[in-house]
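One chain, subunit A, appears in both complexes that follow, with subunit B as partner in the first and subunit C in the second.
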Partner chain A sequence: MLKLLVRRLLSALAVLFVVSFITFVVLLCIPGDAAQLVLGVDATPEKVAALREAMGLNEPWYIQYLDWIGGVLRGDWGTSYVYGENVWTLLCQRLPVTFSVALLSMLIAVVLSAVLGILAALKKDSPLDILARTVMQLGGALPSFWLAMLFMLFFASYLGWFPITGYTPMSEGFGACLRSIALPSFVLAIGELGILIRIVRSSMLTALDQDFMLSARVKGLPPRAAIVRYALRSAVIAPITISGMQLAKLLGGTVIVETIFALPGIGRLMLTAVEQRDITLLQGIVLFITSMVVLVSLVTDLIVMAVNPAIRTGEEAVSR
Partner chain B sequence: MKQDAVLNIEGLTVRAASGDVLVRDVSLTLGAQECLGIAGESGSGKTVTAKSVLQLLPPDLRASARSLSVLGKDILSMTEPERRRFLGCEVGFVPQNTVAYLHPLIKVKRQLTDGYLCYHDTTKREALERAHGLLEQVGIRDASRVMESYPGELSGGMRQRVNIAMALMSDPKLIIADEPTTALDCVVQQQVVELFHSINTQRHVAIVMISHDLNLIRRYCHKVAVMYAGQVVETGDSQAVFTSPKHPYTKALLSVVPRVDQDPAARLSEIPGYVPETGRDTDECLFRPRCAECTQACSGAVRCLRGADRFVRCSKVCEEAGA
Partner chain C sequence: MKRKRSFSLTAGAVMVALIVAMCLVSFVWMPMDPEKMDTANRFALPGAQHLLGTDQFGRDVLSRIMEASRWALLVGVCSVTAGAAAGSAIGAAAAMLGGVLRSVIMRFIDGMMSFPGILLAMMLVTVLGKGILGSVLAIGIFMIPTFSRLVYSMVLENKQRLYVKAAQSYGCSRRRIVLHHMLPDMLPRLITQFSSSIGGAVLLESSLSFLGLGIQPPTPSWGMMLSEARQFVLSYPYIAVAPGVVLLITVLGFNLLGDGLNDRFVKRSSR
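For the complex of A and B:
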């Protein structure tokens, strides 16, 4: 168990290192001079050259990389050209927005998909199952920008239940904050719901079809105990893994939904960084998103390990 | 019907939702402490019959019968809670598949005790002790370790022993075993069969054992029922049936059992043709297309010979017996 954990951590670190390297090299290759961008087109060549020297852009690429990664390890993520602020500070400003939207939308998606998916599997081909299958299709098919505008128009503009755009920080009250992120969270949740219901429903159907359900019947277990203790127990693993992946994706910020709802999150920060060629900021964001993905999948794996003894004991998976 | 019958089936018919008949007009009786073997090819309806008795059929199959009583109780008229209590307390079932019958993510000790705790007003501790004792009785030496294990950590033979212990938890008077040795290697097969034999003789539990293995039935079962295409074609005391089989199908089955003393170079014999999957809902003889002995008497509705200890579904046998 411990050995597995250490191995998992080491591989996570390796992934982070490789990603940081690839990001750096790729961004190095895009055309455009960072010093020129900072100073503008009117700057004299002397000034540009001086700034290049000051920014360390004349150093060989590996020295630049080592400088950057060394800084990151010391907690100095560099300074954004556009904002003139430390990248880490910028990320920390945007984090609460993206985090709260990501967590709320996953909460909505997980709860709804669990309820709908399980009931749909238990009552296969009933009207409820047909509803679940419809949501499954629609969730995957509806584009989020369209859904976002529709929700905005109806719930915010027509009904006035939620603010149309913008983010209210937690410091101004929990309710106000929740209302400001409710619509974007719902829009994102619907996108994730489609896949998640599908996974829950199909793993539940597989579990219900297993021989251990017969064993539960033979022992005379009441249906609810059989479903909760036997079927659900083996059906949760795949949905946990998938929702972990979805959460990791959402934590990296969602460009479209954040833009439409004017939420100052990681996604919009990234968009600005790309538009303005803010290489340092972009590097920082990519490294941050990768760290999020690695961290969340690590936690997901730990949860799955806790649920599945086969992994814990280092054996091949026993469940078919 | 015998008063002390553990199992009394009369005219059991199982239909699929599509209307196909899987099992037709099956009648079987089993006395207390007896062991009944059900033999037949794959697809002959052995498992469906056994599962009807325990009401464990999949939802798309429907069983109906003139009478279906187990331990003196009418199975078909039971309510759902009654049926659960009956399964949990009075009968046991041992499956063919040892891999998925135990839940892979739940410890053995919990799977052994959860059903027992549902229906017995007792402490968890007593249930665990009982499970531990039963594991030892079914021949598991390190019962404490097995109790703490997950099924994936056990071998197939061990899992089947756990399944048997699980069936014994509620002290059943009848155990139905559906090809309990199929997935096991032959040494373990032998051990498991011996275990069933001792459960039958020492704990006085009546056993219905479904098996392809005719030698096994011949050695351990008091009675045998031979099934073909969803019908019972011959029943009787197993010694009598095996020494003087009457139904042509029984004879054919016995003739294809390989013997140790046969010429290794010779081809193994077989019964030509297949078990019919459809068209079982008829009064005619279903074995006729494959029967080597069929005569003029065999057309039309099949006649049955009903002796005191013998039942044969064959017009030709009836004719010869002068019935």
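For the complex of A and C:
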């Protein structure tokens, strides 16, 4: 158990290093001079040279990387030249918006996919299963920006149930906030359903097919009790892992709905950073989101380790 | 035993055939010049003259959709081909080499997997530049981890098989073993993945174009058409319908085709 834990922690650290490295090296290749970008085209060459020196751009790339990572570890994520503010401050301002949208959409997706996926697996090839599979396929194929526009037209403009665009912060009331993020969350949730229903349905089908279900039946357990006590418990692991990953990935995947519904979140911040070539800001955002993905997947793995007796006792899970 | 006909396979094949046919037809015939503006006929309703109506410049929507299908398929196929080739090579190399190098390569692939799709694509486009080439490369790089992981696990699995040990015993090189002996066995799963990935690539390209980071005007793309329609969607809802439906059919078609092929070839051979 301890050995497994240490190995998992080390591998997470390695992936974190890789992620920061990829981010840094890729963005280092951006054509153009970062100092020139900050000062604008009118700046004198002397000024640009001075700023290059001050920004450490004359150092070799590995020194620049170490400087950057060192700063990040000390809490200094650099200054965005577009906003003139610390990247960390900007991230903290925008995170609540993105996080609430991501969390709400995952809640919707997890509940719907659990219900649909489990029922579909129990009644394979029934009309319900066909419905679940249709939702799954559509969820994976519907372009989120198109769906967002259709939802906006129907639910916000035609029915008037939700505001068309804009974000109401939590401080102005829970209900108003919820209404402002409901449509974007639904749009994202439908995309997630494509992934989650597939996982829930197939892990449930695998669980139902296991020997322990047969032995439960042999010892006379009613089917319903066998499903609740054994099948569900065994089928829950893969969906937990995937849901955690998807939640973290959503933090970086909200850019489209944020653009359409005019939400001031991390996605919009990133789009600005890309359009204005604000490298420091982009580095910060990318590192933040990918680190979240790595950390969340670590945490979900730890939860799974705690839940799954086969792993907890140090045995390899037997899967056939 | 007669096999049950697969709905996914048929439906997917029909949808893909429709889109490919539309793309091919666009080279010989389009209802109108997709670039021609006609300000007197802005936002025309679908009708006899313009089957799918016109956009904010009075351009024929059907013609624009047809021309855009070329770029969608081009970017989809090219990016996935590039990603599949590079990813498979990396995965096979990691599995055959073993040792420290294998862990380094696979941790690197894990790292790439931690990037949400649109985030990685946006970051890469910043470096590679907007436009068709930038999109192809960015989406191609995004596809690498998927194929690396797939080929990596398949090669590891095949390495234990007797036929590979036999090939090793009479002195085949590692490259020859992978290309001549393992590849035929891996091909069904690779083709399946290839088809599903094209759906994902088309979707990602349209998202980039929607954000203004992909295909640049005046070249039409479905994502950009929808992005333009967004400004007028509240007054003229119908202009947002057609490009979205075509995009949905394309992505759904390739996904279903991938699923159908998977049911037909992969699940059977693994049994």
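Odds and ends about this structure:
Note that in this section the second predicted complex is superposed on the first by the 316 of 320 C-alpha atoms of A that agree within 3 Å, B and C clash if a C-alpha of one lies under 4 Å from a C-alpha of the other, contacts with A are read in each partner's own complex, and residues count from 1 in each chain.
Heads up, the rule we're going with is that a contact is a pair of C-beta atoms (placed from the backbone, for glycine too) under 8 Å apart; a residue touches a chain by one contact, two chains touch by 3 or more.
Just so it is clear, the structure is predicted and the values come from calculations on it, not from any experiment.
Overlaying the two complexes via subunit A leaves subunit B and subunit C side by side, clear of any clash.
In the overlay built on the shared chain, the residue A:Leu159 is in contact with neither subunit B nor subunit C. Rounded to the nearest 10, the angle made at the CA centre of subunit A by the CA centres of subunit B and subunit C in the overlaid structures is 80 degrees. Legend: residue contacts after superposition of the two complexes on their common chain; A:Leu73 is shown touching neither subunit B nor subunit C. In the superposition on chain A, A:Gly220 makes contact with subunit B only, not with subunit C. Once the two complexes are overlaid on the shared chain, A:Phe212 sits against subunit B while remaining clear of subunit C. Touch counts on subunit A: comparing subunit C and subunit B, the chain ahead is C. In the superposed pair of complexes, A:Pro143 makes contact with subunit C only, with no contact to subunit B. Between subunit B and subunit C the least C-alpha distance in the superposed model amounts to 13 Å. Shared interface residues of subunit A (contacting subunit B in one complex, subunit C in the other): none. Residue ranges on subunit B touching subunit A, taken from their complex, read 54, 56, 84-89, 92-93, 95, 97, 99-107, 111, 114-116, 118-119, 150-153, 163, 166-167, 169.
On the side of subunit C, the complex with subunit A involves touching residues 107-108, 110-112, 114-119, 122-127, 129, 199, 203, 206-207, 210-213, 223, 226-227, 229-230, 233-234, 237, 240, 243-244, 247-248, 251-252, 255-256, 259. Subunit A makes touch with subunit B in their complex at residues 210-212, 214-222, 225, 229-230, 233-234, 307-310, 313, 315, 318-320. Against subunit C, in their complex, subunit A makes its touches with residues 11, 14-15, 18-19, 21-23, 26-27, 29-31, 137-138, 140-146, 149-150, 152-153, 157, 164, 249-253, 255-256, 259-260, 270-271, 274-275, 277, 282, 286, 289-290, 293-294, 297.
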